[in-house]
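Both complexes below contain chain A, partnered by chain B and then by chain C.
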Partner chain A sequence: MPRRDSGARRKAVRSDHGPRTTDHGPLGGCHERPDARAKVAGSTRYVADLALPGMLHAAAAVSPTAAARLVALDTAAARAVAGVVAVLTAADIPGANLVGVIFPDQPLLVADRVRMVGDRLAVVAARSPEAAWRAAALVEATLEPLPAVHDPVAALAAGAARVHDGGNLVKAFRVARGDTRRARADVVVEAVYHVGGQEHAYLEPQGCLAIPEGRTRITIVASCQCPFYVQQAVARVLGLPLAAVRVEQAPTGGGFGGKEDYPSEPAACAAVLAFATGRPVRFVLPRELDMQGSTKRHAMVIRHRWGASRDGRLRFAEVDTVLDAGAYAGISTVVGERANVSAIGPYHVPNVLVTTRVAYTDNLFGGAFRGFGAPQVTWAAEATIDRLARAVGLDPLEFRRRNVLDDRRRRTCTGQLLPRPVLARACLDRAAELAGWDEFHARERAAGPEREGLGIGLALYGCNLHHGGQHLDRSSAVVIVQADGSVVVRVGLTEIGQGNLTACQTIAAQALGVDPAVVQVWQPDTTTVADSGPTVASRGAHASGMAILDAVRRLRARLDPVAAELLGCRPDQVVLANGRAAIAGEPGRSVEVAAVAAEMAARRIEAAATGWYRSRPRRFDAESGLGAPYESYAVACHVAKVHVDAELGLIRVAEVAAAHDVGRVIHRGALEGQIEGGVVQGVGWGTTERLALERGRLANPSFTDYLIPTAADAPKVTIAVLEGAPSGGPFGAKGIGEPSLIPAAAAVRNAVVAALGVEIDTLPLTPPTVVAALGDAHPFAWVAEEENEDARSAAAPASR
Partner chain B sequence: MVDRVTVTLILNGERRRFEVPPGRRLLDLLRDDAGLTGTKEGCGAGECGACTVLLDGVPVTSCLVLAASADGREVVTVEGLGSGALHPFQEALVARGGVQCGFCTPGVAVTGAAALARGATGAERVRLLAGNLCRCTGYAKILAALDDAAEGTTDAPA
Partner chain C sequence: MDVAIQEVVRPATIAEALATLARADARPIAGGTDLMVQLRDGRRHAACLVDLGRLGLGGVRRDGDAVEIGAATTMDAIAGDAAIRGWFPALASAAGQVGGWPIQCRATLGGNLANGSPAADTAGPLLIAGAGVIVVAPGGRRRVPIAEFFLGPGRTALRQGELIAAVRLPLAEPPAGRRVVERFVKVGPRREQVISVASLAGRAVVGRDGALEQVRIALGSVAPTPVRATAAERALCGRRPDAAARRDAVRAVQRDIAPIDDVRAPARYRRIAVAVLLDRFLREVERG
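And then the complex of A and B:
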């Protein structure tokens, strides 16, 4: 039987250009961000700024060790602390003791076994935060140590200590195209990359406020990216239907993925305490516990064997990646899924074999982090590309030009055909030009201890959710035109600093032909819009924007006839622009949109509409890794200029040129803000942000010891924006949140390697890592050698 | 041991008296006792700068200041930066889009205002703002806003 939608599926990706308007509108402009004024004045109320009469404060007692059997838990001393109202353990949870997003492998409170440092043993509610945390520290756990495994590769070896009964392999993925074993290459590069994780370091710690209504229903106000995830988690631990759990997103002080899956945990704790005490409970994590217990970017070990012909054409690529999921699966399998198909980058490679395995360890668990597995594999791929360029004696820019996908060769590693135009080459050339690639290489440089280098990072980003998560790829919007002509917009995706309010406001204003200032976009609430999936995968503007356009279309089915009557024309002749409804082709006759709104109100015509979006279905075979994992793609190229002190191993990233394939600009300021912020966060990850894990414990859970870039460290970011490649998004826009970060660390790595002339295969590039990589090439290598000699001779007798 | 101490502040230009436990942090006095929640707690260890306020005109991280030690002194929080309207640096942050999640913004605004008040030049401004961590913006638009405000201040008629 012929499928009805087969014709539609064959078409190239189309974008929604929205309803007809004659004016240029706010699209692509730079009007004032709607949330900026309240934020600079300090009047935006985050969770920690909210208080209710009778409110209690929550705290958690957590495990100090990574792997142990919980033998006994004594809460008597905690209960005795003045001001403590409740101390709850696993047995007190009314519903399921479970917070796993995909796999049911993580308890809210440990019942029998500890698998990571920071696992919660008990939760406390008290009249002050001080009393709550004092009590939490007095919870006495008897823990019997168990064998632990902290290396993800070792975790997958036979005989490794098992983190969960089913073994340590959570899931495996692959992409197999062509035959890498039989492919002929003149040069072959092999390398093993150890890519470290990253702490999100959002400035606002995790927090929420739970407000119970008896034991029948509850409201959660949470700092989060995904209110619908929080809703599901709270409903599960309380044993309530979803409709009895209302989650309102509080203004959220940064997320970067760290507030995707994790906020469900503090929310579930606060909810359980609120139900037990019958009082509102606020739970705000202190920074140290936030860093110690929350998810991280995944550390990965990535093994490469890539080959090229003498003239610099990629012939094959083998990638074997192991992700450190940590103690719980969380959403690691989804991260693995993206890492898997992103492993080759925007290059034409005829023979590909990618294997990606997700391993349990007793480390802190990995979760969502801007880029979602792509930055790590991009870092490795770009390092190998530079190695191959050197091996065949080509300039890294020229080598990339010979292999990058373009309008002729436009199949990704999974065999997906990209729609034209493919802007990979254009991004590469624009970034190189901005960075002054040719001029830099034309100059002679002295080989002193102060070195300079330029490096390229190029990435292909699959927009929105992967095929495996496409059931979540939908979104809801409500648009209400008020009687005075002002407009309320509700969407299901969140503002976390990235500018989703600004994007939604711009899109709604453009579609309705009104000034953005009359459009108010309100934070999501699970009772006002349908489940819209998570605010992740750079899908905010895309998913909420498409739903807004749908809502405006439905609204205009009622608005246009009223406007037509006022104007004396047919409804299909109505155009909305500059705050007025006019007749198409007759700009002289018009009426204010506000007057149309007033007329609708007077006649009691429904001036509200809901909108819906769902991504297009796509075909992907998870077994072979072939097909179309994503609806569309975006290219990003960064070129970094670095200064390296070859004696100290200190890196200063002076400049990053960033060229981005964005489809269409929605709001210029927000777009630049995403790129500038993403680049700096990527540079931090690549250089100073080292997670010092010692037997599963984070030894540096503070901003003094975990170094994120400051104003003095941030490179100058120059930006080139490339529009026009198809996206499927609102007005042709593509997501920018993640592409802005993905290639940055790779560009820095390649610049440092170019400056020093030695390979560095460990991220981050901290001074000790750089000095170690220099080895004999270090200016003072002879000193280290003498010291080692002394140490060896001193240690020798003692060891006998 | 006394369980309450009296702390008198000139808070945002107004004389205010507080009775607080001796160990109370200035940050908590401002947020919980004075109801000025614009000052944020990002780390509680003087590392992130989100809780920056002016103490006798000098930017300090209020999480590291004992409320009692501020007795008799002048404190300006983000709420008191401009007199009635926004401070020129706050206006510049809005105009430049140097605001994303907004959680570091109050501290950034206070430090920036102090930098302007002391006539800090380009490199000094960067150094002063290095004590205020921002994870969203990459700092470019914050620094541009500070430059704008500095020029505006210079150009303003006396």
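And then the complex of A and C:
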């Protein structure tokens, strides 16, 4: 559609990717979230609230051990339980027994070999959930133990037990620029970081409802982040064409990445049971099994050797990372890909060598989790940056200022040139200012057990999908203007609590110049929108927003002429704002958009349009790790203020100042909500959320012992929003979902280290980890030493 | 996942309750904050639940030289009760730290004890108060000293078919001129809704010369049951809580405890945490 605004205006519009509207509108405002009232009132119906006549309940029998050969499976006792309708094993799957997203390495039901605790052996459908789970517990498996490997570094060593026949190295990545071996540095820091995983802890557990239509078609209502993945998985296990599988997005109570890849598994189970019984089957995972069986944030072992000059300039960085993929590849290689190029952060480093290896183990398998590999490598990088600052005697803020990317030095570690303005320095300075960095360090602090510290975490986030996943980076939208002027919007990306409905509503309302209250955004359904890929990588608002803008553009090719006729002007003079169509430059003459809609309906003019978005192609060489892995980047800086009890190792994160490069604010409330939530989830990961894995079994699969922060633990979050850096997104917006989490734990770690004066290289910083790091510096270390000696000399009877 | 409850009985009298509890598959339920979770996880089993809510077992009352707290008194009620806050501040403090506030509004004192957890927050304060547990059985009542009540993780002196009716705390007015310091402190990685990895309840009676005339220490989550720290108490009695006494007590207390490594914390951490808690309590006593 031609644009005939002034030249300057045209340029601004092009860079904003927005259609012709005035700046007045809901953009950047804070209207009520469309889903808020129902959620607060408890009337939103999640999968577990759905019931259909004749519906059965599914349960799964799972392996209690991590590595074994399945010798025999006896389901007789399970079948005998009253209320049980079906017990299915691998042999009963009509299509392929396969749920791997990228690699065909994971069966839906174990046929011969168990590789992790929680592997499914059989699935049950029964008239009540109680009967289904009772029967599942009675499935008897004869398992012959096999050697297991639980340490990802050991898994890559020669002679390690093999998790899959092809060996334990799933994939390796690298970034090589310059020559790290020949680079000169005055100070060199070496460290090994052990970064733990994380449970997503979505409030609503995994669940879905499968509704068969004979044996020809099926509908799945799923709590998920990608109905299209679920569609593909169900089509595969049932042997159906994609078009015969309809997946409807259910209201979803949190995802955080945990509902990207994993929901295909319960959906495929429910689908197989629904086809076998001819009845609807609901499968909602109990919390313990959800935690034990679903994907986790990857644990990583990260080895660093970084060097700087005496005046505090980074000279080289070597990073060697091993990801614990667990028993199946899932999407671990994609996580590895992002971890690989995120390992250096927003710093100018002339010589870089990053190697990233993804290793199979017999642990729970890793998957997508808010940040997608970046939080772990950022945690390590920021720890090393603080170490180097101390080594050269510089304030950590000043050290970062000397090395951070800016408008002059704007090449990332992969050699990609960032467009101006680069806001890394601005984010760093804003967060430091908000946190009162200088005032804090000007104050004297008494030595004693109650310590305080400030720490910085700075991250560079590649927006949207990596080059390796750009084939998925597209999205679909449908916009329909109803005869009464209200608007239906449907996009292929999902609302999972993050606010995508709100973002889409705001974008559509802004583009059509109407009040957000007249725009109804509906959750996707695979029969109404085209495959739009997963709702991940902070791409929801970006990808769905761009598709909406495209649809509005196409729609306005039909709407504007009608409006022009009513107004008596040319179509290209029509502007839409405040619910009215007006003539550009003549605010006095206008007509309600609703009147234009009524006129379109009366004339039988098509008032619906589809829209499409795909990310721009770019060059990236996977072999060298050089090029443009992402279309654009966002910078995030968190400064944490902590109180540490130096004797009990207790950490209280009092405050986090968060400065974010967001491009443009779409909805202020949703944006701030994402930032606060990301900070709290990052703080939890960094401090109390420990996955206690014992030979592959999760020993704390409950919220009693897996400690996510409560409201009492949540820090005060102060937010600075920096707009204006280019993004390629709707109206110039960038994603916020993940940048809001990535630097938080690093900031906390650096604050705790500053408070205590000892390095801590293991995440999370639980009280025992902090006390252990203090070693002999702890005033009561002698207590444990004496006790050890007593125990040795007395060979005392084993304690409880 | 599989709660096989077939029946819930709501007796109006203790006699009725005891009659139902004679069944081997029956269990009493009050707040249910521990029991419901355990039934769901299969850690305890019951086909019949006997709801104690109508037995009138709640409430705090003065009874001569003692305070009697009904077994069904909620943590929230205990934490807010003026008499308990005045006489037994450690107990009020502990009750206010059980779970989160919604839990405190359901969980009862009797339940906290009957559950038999080494981490029961109210156990330590009752141990230093020298409380007695009033148990009713079809044959009559008996009083079990709190120090004999806990037998092991999840095990108590309560027999099948018995109920806790109340907990009796003797009132002991210290002689004139004495100073009493009483505290409850709990350590957990989170600020609220956390099961302690170590807790200390302490009560010290300090004479005019600053020496400890009486000191009682109880510890949670560091042994198979909540324990009195008798070795530490002996090391302290009659002494001023100065640096030397504190060090002796910290050394002695290690003999009072038998912590284990578990999913919440390693034994080493628990030993150090107990040392820190005891040292801090004694410093506070010394400061006055």
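Following the convention adopted for this analysis, the second predicted complex is superposed on the first by the 774 of 800 C-alpha atoms of A that agree within 3 Å, B and C clash if a C-alpha of one lies under 4 Å from a C-alpha of the other, contacts with A are read in each partner's own complex, and residues count from 1 in each chain.
In this text, a residue touches a chain if its C-beta (ideal position, glycine included) is under 8 Å from a C-beta of that chain, and two chains touch if they have at least 3 such contacts.
Please read all numbers here as calculations on a predicted model, not as lab measurements.
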Chain B versus chain C as contact partner of A:Ala712, first or second or both or neither: both
Contacts of A:Leu648 with chain B and chain C, given as first, second, both or neither: second
Winner by number of chain A residues touched, once chain B and chain C are compared: B
Touched partner set for A:Gly669, first chain B, second chain C, both or neither: first
Contacts of A:Arg451 with chain B and chain C, given as first, second, both or neither: neither
Touched partner set for A:Thr704, first chain B, second chain C, both or neither: both
Contacts of A:Thr252 with chain B and chain C, given as first, second, both or neither: first
Touching partner for A:Arg113 - first (chain B), second (chain C), both, neither: neither
Touched partner set for A:Pro286, first chain B, second chain C, both or neither: both
First (chain B), second (chain C), both or neither touched by A:Arg539: neither
Overlap of the chain B and chain C footprints on chain A, listed as residue numbers: 286, 704, 709-713
Partner chain A, residues of chain B touching it in the complex: 31, 36-45, 47-48, 50, 77-79, 86, 90, 93-97, 99-106, 109, 126-127, 129-143
Chain A residues within the chain B interface of the complex: 30, 32-33, 35-46, 48-49, 200-205, 251-256, 286-287, 496-499, 669-670, 672-673, 676-681, 702-704, 708-714, 716-717
In the complex, chain C residues that touch chain A: 1-4, 37, 41, 100, 153, 187, 189-195, 197, 223-224, 250-251, 254, 258-260, 263-269, 271-273, 275-276, 279
Of chain A, residues touching chain C in the complex: 129-130, 133-134, 137, 286, 288-289, 647-650, 652, 687-688, 692, 699-700, 704-705, 707, 709-713, 766-768, 771-772, 778, 780-781, 783-784, 786-787, 799-800
